[in-house]
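Note that chain A is present in both complexes that follow, paired respectively with chain B and with chain C.
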Partner chain A sequence: MSDSRDAAVAAEPDGSEGDGTRPSGADRNDATGSDAEDGNATGAAGDGERNRNATDPAATRSAEPSTEGNHRREVATDRWLGIAGAALALVGLGVLVRQPSLVLAGAVGVGYAVYARTGEAPTPTLAVTRSVSDEAPAPGDEVRVTVRAENAGETALPDLRLVDGVPPGLAVVDGPARVATALRPGAAVTFEYTVRAARGDHEWEPLTAITRDVAGARERTTTLDAPTAIACTPELAAGGDLPLRGLTTVHHGRVPTDVGGAGVEFHATREYRRGDPLKRIDWNRRARTGELSTVELREERAATVVLLVDARESAYVAADPDAETAVEASVAAAGQAFSALLDGGDRVGIAALSPLDCWLPPGSGTVHAARGRETLATDPALAPTPSGERFYRSLWLRRFRRRLPGDAQVLFFTPLVDDTAATLARRIDAHGHLVTVLSPDPTTTETAGRRLTAFERRQRLRTLRSAGIRALEWGDDSFPVAVAAATRRWSR
Partner chain B sequence: MSGEASAGVASDAGSASEASGDESAGTTAGDDALVDFHETDSRPPTVAIVASLAAAGVAATAALVASPVGGALLGVAALGLLGGSLRSSTRVLGWGAAVGVVGLAVAGYRGAPAEALLVAAVGLAVAWDVADHGVGLGEQVGRGARVRRNVAVHAGASLLVGALAAALVYGVSLAVGGGQPVAALALLLAGGIALVSALR
Partner chain C sequence: MVAVAVGLLAALDRGIAAAVSPTSAVVTLLGVLGVVQGVRYANARRDRRRLLTEPGEPERRAPAAVPGSALDERIARAADPAPGGYRDRRDLRDRAREIAVDAVARDRNCSREAAATAVGDGTWTDDPAAAAFFGRRAEYPLRVRLSAGIRGRSNYWYGLRAAIDEIERIEEGEP
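For the complex of A and B:
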């Protein structure tokens, strides 16, 4: 627990239900603040004295002094439904058959019925601290999360169940993020679990506390906000040499073009014109025929590239439930392409085909590299789980085209699991931005339906290729291997 | 869990991501992509099942001493409670408890002594209560979580209430003397209920 971000929260009783038997929040804050260990800011608030939160030193030390938004409701569990009926039936039978022992047994049942009717689900006043072992883990690292909940109230909690709000993008790999216990006033429960870090910014959702009365007849659900976050930003792996298409800027770079001029690769010969440099004159031909001619070389220019990642909800597919999604594969590949292209001197931007807006304009330089890494790692549009909002294709396309520089080409990372992606690729290509489709393969071949899906996807790739769009797919083999294999196939 | 076991289907599989892949190219990867550890094991915790079985065993033994038929019915009730726990079904638990109540009635009808019947009644109530509590725990926190203290407190409270109630009624019945007619006992009970409900 080298690094921890904690917050302390307490649920407050409803104003309507506050029975006034609890002491003021200040006493409690002093008590819990004094035993705060290793820098964990601990605070508690209670009894609807929300104003105290702002002024109390213990509360202001916590990251989020506010405990607003706690959602509470008390419901009857109806567990004991019918116990009174069964008890009275026994009593009645005992009277009918004149057996006093039956009446006594029925009386015990009546005792349980009374037990079920007394009591009320307590409102928990909990000081919750959550600490993580690493706030900035690398992807795949295991992060130990420790949650401590102390009963800062005056009432005992005979039945307390805590369910931590693990961020949806993180998988719990060890120990459930839940516990059930009973807490005296002042007692605390600590539970630990391990999550596997995944790319992105992950913020914990509020802890859910469920309390029941002793008999379990009434139940109250409370959410306790204890803000914790981890940021997992992967290093951009240096990718291989990514072949670009011949849409370039006027600046020098490394994309061979069909423009004759200075360069290294032979392009054409033409008649000598006055002023041509001496070293480009074809002296062999001069010796053979006596004519002066000039050798033209391919100019190598820099390109403007926009990496477009398909992050619509339909792109969050994987070959099996435990595998990484196509979006993850796309983002990883885009990261490799990003660093490779930047190293090659091209201007690179990032966009997401997603309901959320994500746009990093093409640029170059180390600041831009850092910004690109940040975008790929933590942009909400590229989050490890879908956002759930609706995607409007035509709106998105209009906005994307307005932003796209005229000389930009597009590297489109998409699993191609629906026709929308293929259509968009063709439309962007038709508008003059040369498109290369790079497609992680999420399909499997176990059943007929899956084979059909794989076939449909292959058909889309074929259609794209026949429309003159470069397409590359990679499945189990890594992205650089697939690029290297495809580069040999592609002509310029 | 069947949805999670079958790979590659565009399943909902209890994943909170609510991803509705429009084309089933693969599974929409849920947020709980678990390899070796399943947090969603919603079976009741073992300690609750064991405690419930122990209480049901005590109840069945006590009834068996008094009346074989009643004891057999309480044995059936214990099996029903076990089955309900294993299937995480409160409905099965309810039926099990109902069979147990019938067993109590039969044992009482056959003239079981009050002591045995009281032990059987408390045992049955605790057994059902703990089993039902376990099912609720399984739903809310799952089998893997730490629940021992919670179950112990719940079972202890349930046993305490039962013991107090049994001691009270047994003491009252001794105090008023065995010669009283049964109707007097029932009227006494009705008076007690009225008193309690008036005090609340």
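For the complex of A and C:
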């Protein structure tokens, strides 16, 4: 907890304003005494905190400003439903059989029915703070989260349940992210839990507070916002040497081309031209035939590569509901490819096949490397959970093509679980950008439907390969291992 | 309501109170009324579920979808022995047929048309249930129909399972 920092607490804006705008109401309540004030507070509860604070005396006991609550719903829990009926039936039975004891027992039931009808679920006026032990953890680190809620209101909360809004991309590894307690005015409750950090920008959702009256007959749900976020940016490790295809730029690099020039690998011989360097003259041929000729070597150039990560909702799949999704696997692999290609002198860009826009133009250098790492880690389009927005394929393709440099090739990371990904790969390829499909395998073979899906995916891979698109899949083995195996298979 | 009105009137006017004298018949009637109404009110609880806010499980990470689980649900619907779901059944069969045709075409190194013919007339497999699943004329073997009848499943379900097993066998037979 060394780096502990309090999350920003939304200050209650209505307190002073309420006092200013409704002085007469406050005066009237003060004049009529505390009973009337209580009644007014309960009556105004449905309108949320604004009115409650307006009727509060100006001097608040708590120094901490209360967190603004967002009233969600108030319901009758039906906990005591039917108790009046049971009491009536008991009384009726007592009358029928002329047994006073039964009538008396029924009267007890009436008491419960009255008890259930008294009271109102209080509106919680809580000051909530949330702090995390580390705001920028590494993936896999455990982050301790401490939530403190203080009853900053005037009324006691006889039954309060707080459920924290843990980000959907994070799993709690220790302790429940909730607490149930009763809080008198001024009292506070603190609970702690631990989450395991995973790649991405994780923002906490509002804390949910559920309050009930003493009998538990009415229940009120309120959400309290205490913004907290952690950003988890994995280090990029170069993973193997990625074999690129022959489409390159004019810059020197490491991708062998079919262009003769300076390099290391033999390409062709041609007639000697004045000015050719002496060491490139084919002296053997000169000795044999007396002609001067020059050896051309395969020129190695740099490529422009765009890493395209499939992050549509359909790509958030995994072999097991609790396992890492295919998007995670794709992003991790894209990170390895990114640093490997940058190290090789290629210009690398990043794009996401996602309803949200994500585009890092191809570039090189250390600043670009940092930007790429940031994009892969925290771009909303590559978030650990789907955004839920609609994806328009043709719109996306039009925009992508407009941005894609003419000499760029595409490394397309997709689980290939639907036809759209395969179609897009072929369309991009047809537009003259060489495409390599790199596919994490999320399929399993447990049930009939899963097996059918696995067959279909395998068929898609075959169709892509027969269309001249390089495709590589990796499942349990790591991405670099799969790349190494595929490199042996592919001839350049 | 009537009882309340009568009660009020009785309280106001002694004459009415005298008319409704607490004879044993009236008391019995009131008792029966109380029991019946009470049981009626209490019964309201029976088919009502308690309305509690479900906070869910924020501690768990948002579960990932498993590829094919949606298809599994469709299969369950289609394979329900109850009548209906014809379209689901046809769609699924077409989907499986595509995969089977591709697998056979690759396995026998023949055209897709030839493979489609083989799948259609059932000569693509030795398994009679798988053959009957895609076949136009073939019948499910008696063994399948018997076990489907006993276990309360449809022939379709057995056919689909057999077809998928057969496709897998062909796929894995590949070098």
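Convention: the second predicted complex is superposed on the first by the 426 of 492 C-alpha atoms of A that agree within 3 Å, B and C clash if a C-alpha of one lies under 4 Å from a C-alpha of the other, contacts with A are read in each partner's own complex, and residues count from 1 in each chain.
Going forward, a contact is a pair of C-beta atoms (placed from the backbone, for glycine too) under 8 Å apart; a residue touches a chain by one contact, two chains touch by 3 or more.
These numbers were taken from a predicted model, which means no experiment stands behind them.
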*Does the superposition put A:Ala76 against chain B (first), chain C (second), both, or neither?*
second
If you stack the two complexes on chain A, which partner ends up touching A:Ala370: first (chain B), second (chain C), both, or neither?
neither
**Message:** Quick check for you: in the superposed arrangement, does A:Val114 touch first (chain B), second (chain C), both or neither?
**Reply:** first
Touching A:Arg458, do we find chain B (first), chain C (second), both, or neither? second
| task | Classify the contacts of A:Val163 with the two partner chains as first (chain B alone), second (chain C alone), both, or neither. | result | both
- Pick one for A:Gln99: touches chain B only (first), chain C only (second), both, or neither. first
Is A:Ala485 touching anything from chain B or chain C once the two structures are fitted on A? First, second, both or neither. neither
Task = Could you say whether A:Ala448 touches chain B, chain C, both of them, or neither, answering first, second, both or neither?
result = second
- Query: First (chain B), second (chain C), both or neither: which does A:Val172 touch?
  - Reply: both
Chain A residues contacting chain B in one complex and chain C in the other 77, 79, 82, 86, 89-95, 97-98, 161, 163, 168-172, 176-178, 210, 316-325, 385, 415, 417, 442-444, 447, 449-450, 453-454, 456-457
Chain C partner, complex, touching residues on chain A are 73, 75-79, 81-82, 84-98, 161, 163-166, 168-172, 176-178, 193, 198, 205, 208, 210, 219, 221, 316-325, 385, 415, 417, 442-445, 447-459, 462
Residue set of chain A touching chain B in the complex reads 77, 79, 82, 86, 89-95, 97-112, 114-115, 117-118, 158-163, 168-182, 191, 210, 214-216, 313-314, 316-326, 385-386, 388, 415, 417-418, 442-444, 446-447, 449-450, 453-454, 456-457
As the complex stands, chain C meets chain A at residues 27-28, 30-45, 48-53, 55-56, 58-75, 95-96, 99, 102-103, 106, 160-161, 164, 167-168, 171
Residue set of chain B touching chain A in the complex reads 4, 7-8, 10, 13, 16-37, 39, 90, 94, 98, 101, 104-105, 108-109, 111-114, 117-118, 120-122, 125, 129, 132-133, 136-137, 140-142, 144-147, 149-151, 153-154, 157-158, 161-162, 164-166, 168-170, 173, 178, 181-183, 185-186, 189, 192-193, 196, 200
